[in-house]
Every structure is written in C-alpha cells, then in structure tokens.
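Per-chain numbering from 1; labels A, B, C and D assigned in written order.
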Amino acid sequence: MSGKVTTMRDAVAELVRDGDTVAIEGFTHLICFAAGHEIIRQRKRDLVLARLTPDLIYDQMVAAGVARKLIFSWLGNPGVGGLYAIRRRIEAAELGDEPPLEVEEYSHFGMVGRYTAGAANLPFYPLRSYFETDLPKANPLIRPVRSPYGDEIVYAVPPLKPDVAVVHAQRADAGGDAQVWGLLGCQKEAAFAADRVIVVVEELVDEAVVRADPNRTIIPGLIVDAVVVEPFGAHPSYVQGYYDRDNRFYRDWDPISRDPAALQAWLEEWVYGLAGREEYVARLGPERLAAIRPSGSAPSGPVDYGAYR
Amino acid sequence: MIAAAARELAGQHVCFVGVGLPNIAVNLAQRTVAPDLELVYEAGVFGARPARLPLSIGDPTIVTGSTAVVSMHELFAFYLQGGLIDVGFLGAAQIDRYGNINTTVIGEYARPRTRLPGSGGACEIAINARQIFVIMRQSKRSFVEAIDFRTSPGNLGGAERAERIRREQGWLGRGPSVVVTDLGIYHFDETGEMRLDALHPGATLEQVRASVGWVPRVAAELVTTPAPTAEELRLIRDELDPEGAYTA
Amino acid sequence: MSGKVTTMRDAVAELVRDGDTVAIEGFTHLICFAAGHEIIRQRKRDLVLARLTPDLIYDQMVAAGVARKLIFSWLGNPGVGGLYAIRRRIEAAELGDEPPLEVEEYSHFGMVGRYTAGAANLPFYPLRSYFETDLPKANPLIRPVRSPYGDEIVYAVPPLKPDVAVVHAQRADAGGDAQVWGLLGCQKEAAFAADRVIVVVEELVDEAVVRADPNRTIIPGLIVDAVVVEPFGAHPSYVQGYYDRDNRFYRDWDPISRDPAALQAWLEEWVYGLAGREEYVARLGPERLAAIRPSGSAPSGPVDYGAYR
Amino acid sequence: MIAAAARELAGQHVCFVGVGLPNIAVNLAQRTVAPDLELVYEAGVFGARPARLPLSIGDPTIVTGSTAVVSMHELFAFYLQGGLIDVGFLGAAQIDRYGNINTTVIGEYARPRTRLPGSGGACEIAINARQIFVIMRQSKRSFVEAIDFRTSPGNLGGAERAERIRREQGWLGRGPSVVVTDLGIYHFDETGEMRLDALHPGATLEQVRASVGWVPRVAAELVTTPAPTAEELRLIRDELDPEGAYTA
C-alpha cells in the first residue's frame, strides 16, 4: 500500500476547499482540534461544518470566520455551558441586522443516521424519533416515511456526504488503515460517507501491527487520502490510553467564549501565532501534559487469531 | 435533589445517562440504592463503572472497565430503539404540566432569544426509553404553561391522546414518570399531568406555587423527602463532586 | 451479574419451544452445531429455521424432521455442492405428493437487513438490491419503498425477530457478556433481534477478562438467557484461534446428504446415539482434533485503555 | 479458464470474491497479474492475504493477517452498496445473452426441477459492484435463450434499457463486463450482448456454437487466449489447489 503520510498543513491545503462540507467527528473522544486549527490558520471560508456536538472546536472555527453553516444535534460545552461564539451568530439580540449562521438541526441518532445513509449510498435513513415534536417543523428535511408493511409511519433523515471527513485515531499504518479503541462515535460512518478522508494519528505503525488485529480497524486505507502524524492532536479532547480529557481547558473556555475580544486573543495566541500542533504542544508545557497523563495502564490482553497455512 | 433523584432509581436495571445533573444522580444511585444498575452512555458504553465522576458523558473513565463499547449507531439502534433502556434520564430548560420538554430555543426558532443545546439524544430517548426521569431546577421560567419548542415529547396534551399515539405508533416508551427538582418530587397522575408528591426538607408549598407557571396539582398525602443521609452527602462531596462542579 | 451458566440440554429444553423461529447464525465461522444437534435430540418440531446459509447444520435438522420452514439467502455446501436433505423437501420430482418445506428467500444483505430491522425495532430495512430480478415475485415480503426525498425507489425487507438466537463465541463471562474475534457475520444483529438468546462458548472467562477489552464484546449479558460452555461446539465449522474448519467433514457430507439412509444412519451415530457434545468430541478422536488445530499462533498484541481515576 | 479469468483482473483494485471458481481465479490474480488486488470477502474481510486457498469463502485463513474484519452489515452497506467494489466476481447456473444470471431454480419457482443455492450476495453485487466478471462452464443448459429465474440482473433486455434503468435508479454498477468459460472469453458489445472475443487454446468455434442456446456473436478479430504459463500452472497445482478441489 502506497504511503499517504503528509503534514497537516499539506493535507488541509490540498483536501479542504472553500465551501466544502467538513466533518471533524469524534464524540468527546478523538476530536481533532489540530485539523480545525489548521483550517483556521489557512483561512478557509464558507465551510459547512457538520458534527453531532460542535464542541469547542467549531466554536473556535465559527469565531474565526471559516463557516457559513452548521449541521448538528447538540450545541454546548458538555458539563460546563454554552458555545458563545456560535450563539452570537444565532441569537436575535446579538445579531442585530447581521445575517445569522445557517443551522440545520437533528437529534444525535438523526445525525448518525445521516452519515450511515451517506456511507451506505441510501436515499434516506429511517428511525423512531421526532414524533410529536417541533423538530420536523424547524427542519423540513426531517420527513415521515410510511412502512411498506402496514400503516406504520417512521421518520427519515437524508444522507449526509461530507466533502471531507477528519478522523483522529490512536494509530494507523502509512496506507491509512486506522485502528481505534474506546469510544467509536460515528467516525466510521462519516468517513465512509465522505468524498475525502484525512486520518490523524497519535502513532504511525507498521502495517503488520494493523494486520495482527484486523477486528480493530475502523477504516481501511482504501478510503483514506492523507495520514497525518500529530501527537496530542486531539487536545483538549482525549485519546483513550494516550491522554485524558483536559477538563480544565473546557472549563476555562467558558469565559473566553463569552468575550469576543478574549476569544480573538486566544485565537491569535494559540492558532494564528503558532506554526502547528508541535508548537501548540510545546506551549502547553510539560506540566499540563503531565496532568492529562492516564493515572495508570489498563491493558486489553491479547487474543490469538491463529495461523492457518 | 441529587439524592432524591438517585433514590427514585431503586429497582431499576438499565439507565441511559444524560449530561449534567443526571450524570451525578445516576452515579450516586449505582453507589447506593441500585448497585446493579447498568449505566448506558449515549457515547457508546454499556455497563460503565466510572472510577471518578466524568464531567462530560464521553469521558475515558466510562470506557475503561466497562462491559461493552459500541458505535453510536449500535447504541441508539439496538440498545435504545430496540427497547433495552428502562430509564432515560433527561434535563430540561422548559417543561410543561404534561412533561413535554424544551431544550432547543427560548423565543422563536428562526431568531431565538436564547439558543439552547437542542435535542442531542433526548428526542429519541423520550420516545424509546421505557420511562423518563427528569431532573431540573424549577422556576416560573422553566415550569411554564406553554413551552417555546417541543424537543422531546412527554404526555403531549394529556394521557388519553399520549397513550393512543404511543399505541398507534408502536412507541416502546411510556413517557415521563418522575420529575425531581430543587424543591420536590413530582409523578404523573392518570390524566398525564404532573403532581407534587414530596417536598424536600425546608421547601414549602408556597415556594412551589411561586415557581410553577400553572396551578400545580398537589398530592392529598404530600410527604417530605427524607433528608440526604450522611453517606449520600459523603459520596457527593468527597467522591463524586469534590470540586463542586455539579453541586456548587 | 448473576450466573446464567447451564448445560446445552437444559438451555435447549427451557428456551427452544416447538413452533419457534430459531436462528443459529454464524457465517461459516462459529456455527453452533452442538445446539442444532441438541434440538434434534430433543425432537423439537415445527421450527422455522432462519440462517443466511443453512449449511450442514440445517440440512441435518431438516433431515431429522424438526423444521416446517426455512428462511435463508444461500442454500449450499460451500465449495462442495448441495444440501440434499433440504433439496429433497423442495424439488418436484423428489416430493411427489408430499407438501414441500416452506421457504422464504432473500439475498444475504436482505437477511442481514431483516435482523438489523428486528434488532432496531424498525418496521422495515431499505437496501439497494432486488431491482429487475424475480426475487420480489418469489417472495412478496420484498417490497418497494419510495424515498421521501425525490422519486427514488429502493427495496425493503421486513424485520425478523427470532424467538431464539444461538450465538457461538470464543468466550463469555457467567453473565453472558460475549466476545468474538474473526468473522462477525450477523450474530449481533440476530441476538439483539431475538426474544431469547443462548450463548455457547469455547471458554468461560472471568468478568474481568471481558472488562479489560470492552471493544471486543459483541453482545452484552443483558440480552442473554443462557450460557453454555461447549468446547468444539462449532465443529465442523470453526472458531478463529481455537480450531480450523473441518473441510474434510464438509466434503464427506456430500454423499451422506445425497443418501437418505446414510443420513439417518449418520444422525443415529453422531446425534441420537450420543448424550451430547462431550461424547461427540471423544468420538471424533485425538487425530481428528489434531488435524484441525491451527498451524501456529497469531497473537493480536494488547492495547492500553488507560486507567482514569 | 482460471488463468484467463485471473488475467482479466490486471489493473483492477478492489475485488469482491465469490465462492467456487471465482475464489481460485482471484487468488491466482493476486499472486500474478494483480499483486495489489484487495480481496473483499462477503463474510466481512477487506484486504485478505490468504496463506492457503480457502475451500469456503469464510475460512479462518482469510481473517488472519487481513487489513480489516467487519460485520456483514458493514461489508454490504459501506463497502459494496457504498460503491467501493471495482469488480464483483460471480458464478452462474444459467446466463442469457445479456448477462442476466440465474442461480435460484431450474424449472418453476414453486416446484422446481432443481433447487440451486439462490442469490447469496449475488443480487446486490450485480447491482452495486462497478463491474461484474462471470466465470462458469458453458453448455446448452447453462448458456440459454431464456433463464428460468432472474437472480442477478445483467444488461436486462439490452444495453439501452439497462443503461436507462441504472441511471434512473442511481445504480453504481455498470453491469457485466466479462464472461470467462471453459471455452473462451466474452465481453459485452454496445447493444449489451455477449460477444466471443477469445477462444482458449484447443477450443473451436463449433464447440462454442454447440454449447450456446442462441446464435452467439463472435468478434471480427477473434484471438486465441494465451496458454497458461508454467508459473500459473505451478501456482494452481502446487499452491492453490493441490487436492484438485476446484480443478479436478
């Protein structure tokens, strides 16, 4: 398998285009902040940002002006509060005469279903949700569909096929075969649905490591366009077994997000002012990194696939 | 409030854990009244045994040592929609007397006064979990005559219609069964309306009436919630929330 | 978690009832012949047997008279030939005036979709198959459904919710939390769709082994009614890392299957005449078992989930 | 026949492997003309590197050392239906001039003379793989004017209708492109009909005509298939099929 290893700068320059629909997925786990920051640095514009939970990364990207639209299912800073850069682009009093950020809103399962339909090339995905709620009124793309077996009605969501999906993983080989353990979110579905895929990893491994445990592979290199090796690329999100969620960062974000000037200053210091993730990690410093080290190891133990010759 | 919510989980088996207050209530229940409670996190975890209280609902501590970690598709399709969840635990920004919930917007959807988080998994949890527990602070702004947006269906316009629709559409959920607030505990009566069944120690009926946007029903035999035990308080203060993130 | 460990005899006696729809799944891998043989021994009747590939086990069960109907997608002895006991109950010349075995036929993805809809409590599962074929005519349960987004038509299959699913796995704990590596087939979907689930394992392990690697769990004890420990319970099918597929058995089956008398003699010798799998394995003998031992080990290597206290 | 089928895979990237003759042809191709060929087995394997030729398509040797092992749902939904398969390799009991395939029954469906295996994955492979290779022995019983049951669609009643339906229904597959038999190699012309383009060494046009149930089209420049090389024969006889299960 040919090597696809490149830098974040080159991957984003080549694969993310103005106007693209971009999905940097990962449900609390494996959110690739490094890719989001590089998109900000390269001043991409008019992106449609898709994620179940926009999280801090899309708050930062919206504040930096890369987005024209948000597709999501839960907009908040989990356990802390709001995402105020995004809310300022939605709430009436803040907007004044400014046009709002476009929003297209689903539930979690609706978003997962959208990626699933996109990955499976289906025209719609049926689910038991939305009955007797205002969501189908708020988003007319949520539509009823009648079962061909009796009169039952369920709701459907349309396929979502991002132009680019970014998947952060513990490890991949040079061909892009990526392996993940811990929370899987819907990265697999988003990647198979996407036209282009960037895999970002903590560690590049030999193909033999992947092939030794093929059940752990979440996406094959077949659908991957670029592999970027970026240790701590998911901070302040986390990577199971590698580093912890930096909850302090999530808490600290609240006052920054509330204050547009503070937020722009933060972007200057932590994004525009740095060449890339390596400088970001250096700036975090050894103490901060030590604080998010797991408290111990918890090995899975091996299993035996057996040789069959 | 947290202790009262945790105690309502006695006898339950499989609980879907929401972000925020439900998270601490459920973790307290697993350590007290419901040691066999299986915690399901929408992030894709069944049988979590968190060694610490997670701030978010996708923390690495809910993964390590759990029974099963699965894709979100599988979690929502097979566990939730498949009918395996006994209790879905939700928070709310607004609730009406029938337990319908708004977590989407205050004001008009297109130009909201306040943009709230939205559904997350709440909409499908409300429909597919066997019963719904709600935990929230109550006030005239949150306990309202008419919610601004229906994110998650409760008993709709009353029990009769709600039951007919659940039957006709084959919903597995029977809707909301408990609402725990900072003042008391509500259950739902045969008309599908919330009824105050217990007041927390120190709370008064006047406080309740002053913080509900309709005239609330009150049980004939209104009781007082037993005060949190020393053990419950110790678990909350020392183990689950030493930094006061949830309880400050 | 309470113990659910029992014998195959008790599990089948208690959980499989005459008239049930039974799914002993496993795509070439992990086919639980031990459960099928016990169902034959207990002379269950009028079963509806569901499996993508009926394989030798349903040929044996049909020959033994336990079944009234077959739901399937590919009827054969892979790489060898036919399943003649079943064909004798379908083909005109063989049947004469006998009523045929009922058949309900799909494609592989249709069967997988049926279990998936069953597991997800959906009234139908949409897929891109069956267009311009005779399958919807042969099986009117395969029906077109129109997308609510434009005029596109896809086909749908109805949910399949077996009364009983039997899942063979490498290992499980006493509560029924089961782990599998190698081919996964659609056992997970079949188990979640089923009313009752029997897990059969090569090894019973401590709950800690399961919890050390939660990403390998394919079904949780939550949906499991019985756990049976039955080493070599999948022979002549195989268990990745434990034993090889006994291709000699599959080849030897061809003449037996073609000859009703030989088949009944085989059932006498290998099923009715034995108390259970332990005697079956003893009868196979050490040489046969040695012949299906993997040629070496192929360890997965461990991963670290990390401790987070 | 096997060598000829394997050679047709030169330049292909991702191949869905069927049971039987396709299995050996594809494994031969990976060892000769298409070393980068990614083998996909419907059992749920991507990037298989079988150390031996599996008898079935679900053998443990296709798992150990593969790139990815996934559920059948994922294999069919994301890999096949999602459009990642370049070549689907099918066998057939009956085929017509337009490449429509029967693997279900000979005779009437309800009371068949011969009950065949049925679709397996063939029906969805025929619709969703980018192109279809067929490998089968030819005779008046297998190359027929009208197949008894259409299990897998080919060019339907001709290219015009087939292309319109593929376009209207958004099929990803362009249908059958090659048929390799024991006598020769066929491709499909612009009308969607099979055309004999090569005769295997020793086979004659008379043999072909005597084993086709219609008047077969023959290429103006009919060529002779190059004989299997010594290396191809060695691989088949010594490595892939030493017991002659496929080739006896």
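We adopt the following convention: a residue touches a chain if its C-beta (ideal position, glycine included) is under 8 Å from a C-beta of that chain, and two chains touch if they have at least 3 such contacts.
None of the values given here were measured: they were computed from a predicted structure.
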Discussion item. Keeping to the contact definition above, tell me which chains border both chain A and chain B.
Written reply: C
Practice prompt. Could you quickly compare C-D and A-D and let me know which has more C-beta contacts?
Written response: C-D
Discussion item. Centroid of chain C to centroid of chain D, CA atoms only: how many Å?
Written reply: 28
Practice prompt. Could you tell me the distance, in whole angstrom, between the mean C-alpha positions of chain B and chain C?
Written response: 40
Fill in: Length of the line joining the C-alpha centres of chain A and chain C, rounded to whole Å
37
Item to complete: At least two other chains touched by the same residue of chain D: list those residues.
Response: 45, 59-60, 63-65, 69-70, 77, 81, 128, 170
Item to complete: Find every residue in chain A that makes contact with two or more other chains and list them.
Response: 116, 121-123, 127-128, 152, 181-182, 184, 188-189, 212, 215, 240, 244, 294, 298, 305-309
Worksheet item: Viewed as a graph of touching chains, is the assembly arranged as a line, ring, star, complete set, or other?
Response: other
Worksheet item: Of all possible chain pairs, which ones touch?
Response: A-B, A-C, A-D, B-C, C-D
Response to the item:
Counting only contacts in the complex, chain C reaches chain A at residues 121-124, 126-128, 141, 143-145, 147-150, 152, 154, 156, 158, 170, 181-182, 184, 209, 212-213, 215-216, 240-242, 244, 294-309
Worksheet item: Along chain D, where are the residues that touch chain A in the complex?
Response: 14, 36, 38, 45-47, 49, 51-52, 59-61, 63-70, 74, 77-78, 81-84, 128, 170, 172
Item to complete: Report the residues of chain D in contact with chain C in the complex, numbered from low to high.
Response: 19-20, 23, 42-45, 54-60, 63-65, 69-73, 76-77, 80-81, 104, 107-109, 111-124, 127-128, 149-153, 156, 165, 169-171, 245
Worksheet item: What does chain A use to touch chain D in their complex?
Response: 1, 116, 119-123, 177, 188-189, 192, 210-212, 214-215, 217, 219-223, 305-309
Response to the item:
Residue set of chain A touching chain B in the complex reads 27-29, 52-53, 72-76, 78-80, 82, 86-87, 90-93, 95, 100, 105-109, 112-113, 116, 127-135, 137-138, 152-153, 181-186, 188-189, 238, 240, 244-245, 247, 250-251, 294, 298
